[in-house]
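Naming follows writing order (A, B and C), and every chain is counted from residue 1.
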Amino acid sequence: MANNFIVAPSPHMHSVESTRSLMRDVLIALIPALVVSTVVYGLDVLKVTAIAVASCVLIEYLIQKYLIKGPSTIGNLSAVITGVLLAFNLPANIPWWIIVVGALVAIGVGKMTFGGLGRNPFNPALVGRVFLLIAYPVQMTSFPQPTMSKFVDTFSGATPLAAIKAGGDVASVDLMSMFGGVMAGSLGEIAAAALIVGGGYMLWRKVITWHIPVAVLGTMALFAFVVAIFEGGNPALLYELPAFHLLAGGAMLGAIFMATDYVSSPMTPKGMLIYGVGIGAITMIIRLWGAYPEGMSFAILIMNAVTPLINKYVKPRRFGVMSK
Amino acid sequence: MTVLISTILTLSVLGILAAVILYFVAQKFKVEEDPRIDEVEKMFPGANCGGCGFAGCRAMAEAMVLREDISALYCPVGGAECMKSVAAYLGKVAPEKEPTVATVRCGGVCSKRAKTNAYNGTKSCAIASSLYVGESGCAYGCLGYGDCVEACAFDAIHVNPQTGIAEVDAEKCTACGACVKACPKNIIELRKKWPKNRAVYVSCVSKDKGAVTMKACKAGCIGCGKCAKVCAFGAITVENGLAYIDPQKCKLCRKCVNECPTGAIVLKGMDPLPKEPKTPAAKPATPAVAPAAKPAAEPKVAEAKAEPKVEATKNE
Amino acid sequence: MKTFPVGGVHPSDNKQWSNAKAIEVLELPDVVNIPLGQHIGAPATAKVAKGDKVLTGQLIAEATGFMSANIHSPISGTVTAVDMQPNGQGLRQMMITIKREGDEWMPEIDRSKDIKRECELDSQAIISKIKDAGIVGMGGATFPTHVKLSIPNGCKAEYLIINGVECEPYLTSDHRNMLERGEELLIGVEILKKALNVEHAVVGVENNKPDAIENLNKIIASGKFDIKVEPLKVQYPQGGEKQLIAAVTGREVPPPPGLPIHVGAVVCNASTALAVYEAVQKNKPLIERVVTITGKDLQSPRNLLTRMGTPISKLIEMAGGLPEGDVKVVNGGPMMGRAMVNLDSAVTKGCSGVTVYAGVDAHRVSPSPCIKCAKCVAACPMSLEPYLISKLAKKQMWERLEQENIVDCIECGCCQFTCPAGLPLLDYVRYGKQTVMGIIRSRAAAAAKK
């Protein structure tokens, strides 16, 4: 018989999903934000993204080939995502060499040092971003004028959060244009609406679950709401302040794309909620009382560090053991 | 300047305070231990292999110090020398044990044992053996996925990629027994270690009937019993269609080696006995038995039966 | 629509190859090999020896103790051997070999097609008839049915749940039985109800079998049955006993050693109910069953009424033979079935189907590193953390594994199915579970000794 019998333990079927297909879906979900950003800031956006992606992939390839001497893993697209997310956290006019340095830190320090995909305790793109933020604070926080002035009014070079930190008034901010992406900020964080569309796509494709984004954003909104109550006075603030904080800075990008990074987030739904609440609360504390105007990156990195602890202590309810 | 001084002062005070607290805590929770345990532990090889039956060298050292009678304790890795020095230090009688070596009892190399299927699951002997028979028709043979290799702390056992069977490096083997426990097929046995790594053993553990064994593997023991008949020391027993050479009784006379029709009895570290009467029963005939068909094999076994008696008496 | 509460996956069901094929009777095999251990519990003890003449339906091996089952001859002829032979996985097992001569049945078996509705027997008599007939769970678990029906003291059965879920992809034997022999099957359910003395009987059927649901409802509406058909939302592993109980009653069976009866439920497979009907009303022991032979690359997948002991190769022949090249032949469905190496091995009581995969489908996907995506945790119907217990099992950390409740695992395969990295999670989890259960057993034995 011309048969070669194959034997393996069950199951004998596998879902069509693979690491690569999941990563591809994340990339698709990032496209709307990239498009909006390109409209707002012009072709510089694509240049920054391209440099970030190319250097991330190249650095991973080189490390794997010459340092680890193992099989190449760039085919699973995770380095591409790190590149895009790193670019999304940079201003559009950042010099190219800073991007390369960021990519080197993100992939080299944030990911490959720990053994590559699946082993990194921190979100690599954020490791790169925070390194750049501390090393090159000026370049990282000065944002260019939009090139789309023919479509909408121009805006100041300061991000809304920086403006508030400097003593600005929330009431003076136009929430609708923030929602649409018309504000100063890093490439990817300005377009709340586009990011939500991407998040919806990932939820529909079951790439992520709702737990982390909802926990992060919910906590932030609640936090802002409580703060607004204590501020007293203006009743409009009760909804304006939560809305402002959800739309400003990296809230959406962080909650939907950065915090949900598989490797550095907890494994159980309960754990994800705790993690999300932690990120939301720390972000708000930094925003309201910290030295930096924005705290999303730090909050995510701090909670990344807590993730192993959450995984250890937060267990799913055992089947058949009813809670009292 | 004041900032600098206050910083230094604060830190110094904190440091001293912490040191004081640590000192008292250390005193309070100090564990009184026999200092000899530390000394004995240092004498052990420190491989923490578990070959002695304890969790590690420290646990073994504790037992050595605390027990009056240490004759039941033995570190296979350190061997007689190590045990002697420990016993001398403790003033106890050194336990003695014959040196042994791990022996892989399977001769089903690829050329002798036809592959009937391809295993596509996790390459682990424990997992594969709980699922099914293995990649050949033999339900007893070495699977070659290397659970023993994983278990070995001394790099002494490896799966030969040519044969697909685990092989022991007798020089490195410390007879800790980790591979014996790891092998789900119970193929590995700790056998008496002779000088120059000499060995005679049945390299098969198949309990199948002769015909079934033969169909699955040309190198298997078919339980014909010829070896047992020729053995002058009563070292060989045949049970469930499988011959076994008792390492305590075997004197390495090698008579059985030439008797075995399938070559299942392996000889190592020595030359085989001269085959004085060049009968078809001796070595040259062995490969000829190979074709698995029953009728071909049977007559040869029968004709071989007659000859060995002559040979045996001659040798005596 | 109801379903179970946690975990689960949605593999494509692939039932289209065989779900419209009516049950056909497979011609009798010339030689059968009957393993003595084809159920959970102690293997049966052979009651015949080489040279004995046996009739179809004659007892050839008797249950060894309570947790065991009788075995009957599926054909008439001469016993040619009682010895160790390789089973489907090539492992040696005690078997009785019978060479067929004609097909002469035991006289007390009623072979007529008439449907006999009334059953006058009391609970004890029904259970003992089921025990005599050697009936075991026919969904694949092969738990002796009389043991299930013997309610331990202090427990009370409230629900009889009939498992018509058939959540395994590809398989359609229960489906065809519900469709073609619905009335007999429901009489079997009534008999089981009587044996258990329960009020509620629910047949759980996944709603990918609307024709079966409709057929059962029609029979219930026309006859005098007090049985409810519960359509369930398609989700694997709904046919798992604990999952089905949770789906139908909302109750969760406590962790081991908890049993379904502790939440008042008894679950029987749909085909088992049919076998109960035949045993009680027709005196027919369990000597044949419907087996689905299917696969994407088979010429003609079918549902075959097959005598026990028939070689699997005969079914494959009926389905048009194996495709060329790499093949994987699985006894059972793709999620929990066991791959076979010996196609001369027999159809047994638990064999609900034989599935064949060819080419790429026969191979596993190649593994890559875990990306901690948590999909296995979300998919586990027993609320375990497969990524973790798989890693712990690989490292042989048995105590930790016990703390992580590895014994809860039902080996459904959801984790490995869903893993995007293609990791062999279940390989290690199963290994860990077996080892930990061994440790627990030996600890219990040591405690019992004291």
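Please note the rule applied: a contact is a pair of C-beta atoms (placed from the backbone, for glycine too) under 8 Å apart; a residue touches a chain by one contact, two chains touch by 3 or more.
The model shown is predicted, which means the values in this text are computed figures rather than measured ones.
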{"item": "Identity of the most central chain, Cα criterion", "value": "C"}
{"item": "Most distant chain from chain B, judged by the mean position of its C-alpha atoms", "value": "A"}
{"item": "Chain-chain pair with the highest tally of contacting C-beta pairs", "value": "A-C"}
{"item": "Whole-Å gap between the CA centroids of chain B and chain C", "value": "41"}
{"item": "Whole-Å gap between the CA centroids of chain A and chain B", "value": "54"}
{"item": "Chain A and chain C: spacing of chain centres that average the CA atoms, whole Å", "value": "47"}
{"item": "Interface hub residues of chain B, defined as touching at least two other chains", "value": "116-118, 120-122, 127, 131-132"}
{"item": "Per-residue overlap in chain A, given as positions that touch at least 2 other chains", "value": "4-9"}
{"item": "Per-residue multi-chain contacts in chain C, two or more chains", "value": "326, 328, 338-339, 341, 362-364, 424, 427, 430"}
{"item": "Partner chain B, residues of chain C touching it in the complex", "value": "84, 86, 89-92, 326, 328, 338-339, 341, 362-364, 424, 427-428, 430-431, 434"}
{"item": "Parts of chain A lying in touch with chain C, wherever the complex brings them together", "value": "1-15, 17-19, 21-22, 73, 76, 78, 116-119, 209, 262-269, 272, 311, 315-322"}
{"item": "Sites on chain B touched by chain A in the complex", "value": "116-122, 127, 131-132, 135"}
{"item": "In the complex with chain A, residue positions of chain C that touch it", "value": "6, 9, 11, 169, 242, 252-255, 258, 322, 324-330, 332, 334-341, 355, 357, 362-365, 368-375, 377-378, 381-385, 387-388, 405, 408, 411, 413, 416-422, 424, 426-427, 430"}
{"item": "For the chain A and chain B complex, residues of the former touching the latter", "value": "4-9"}
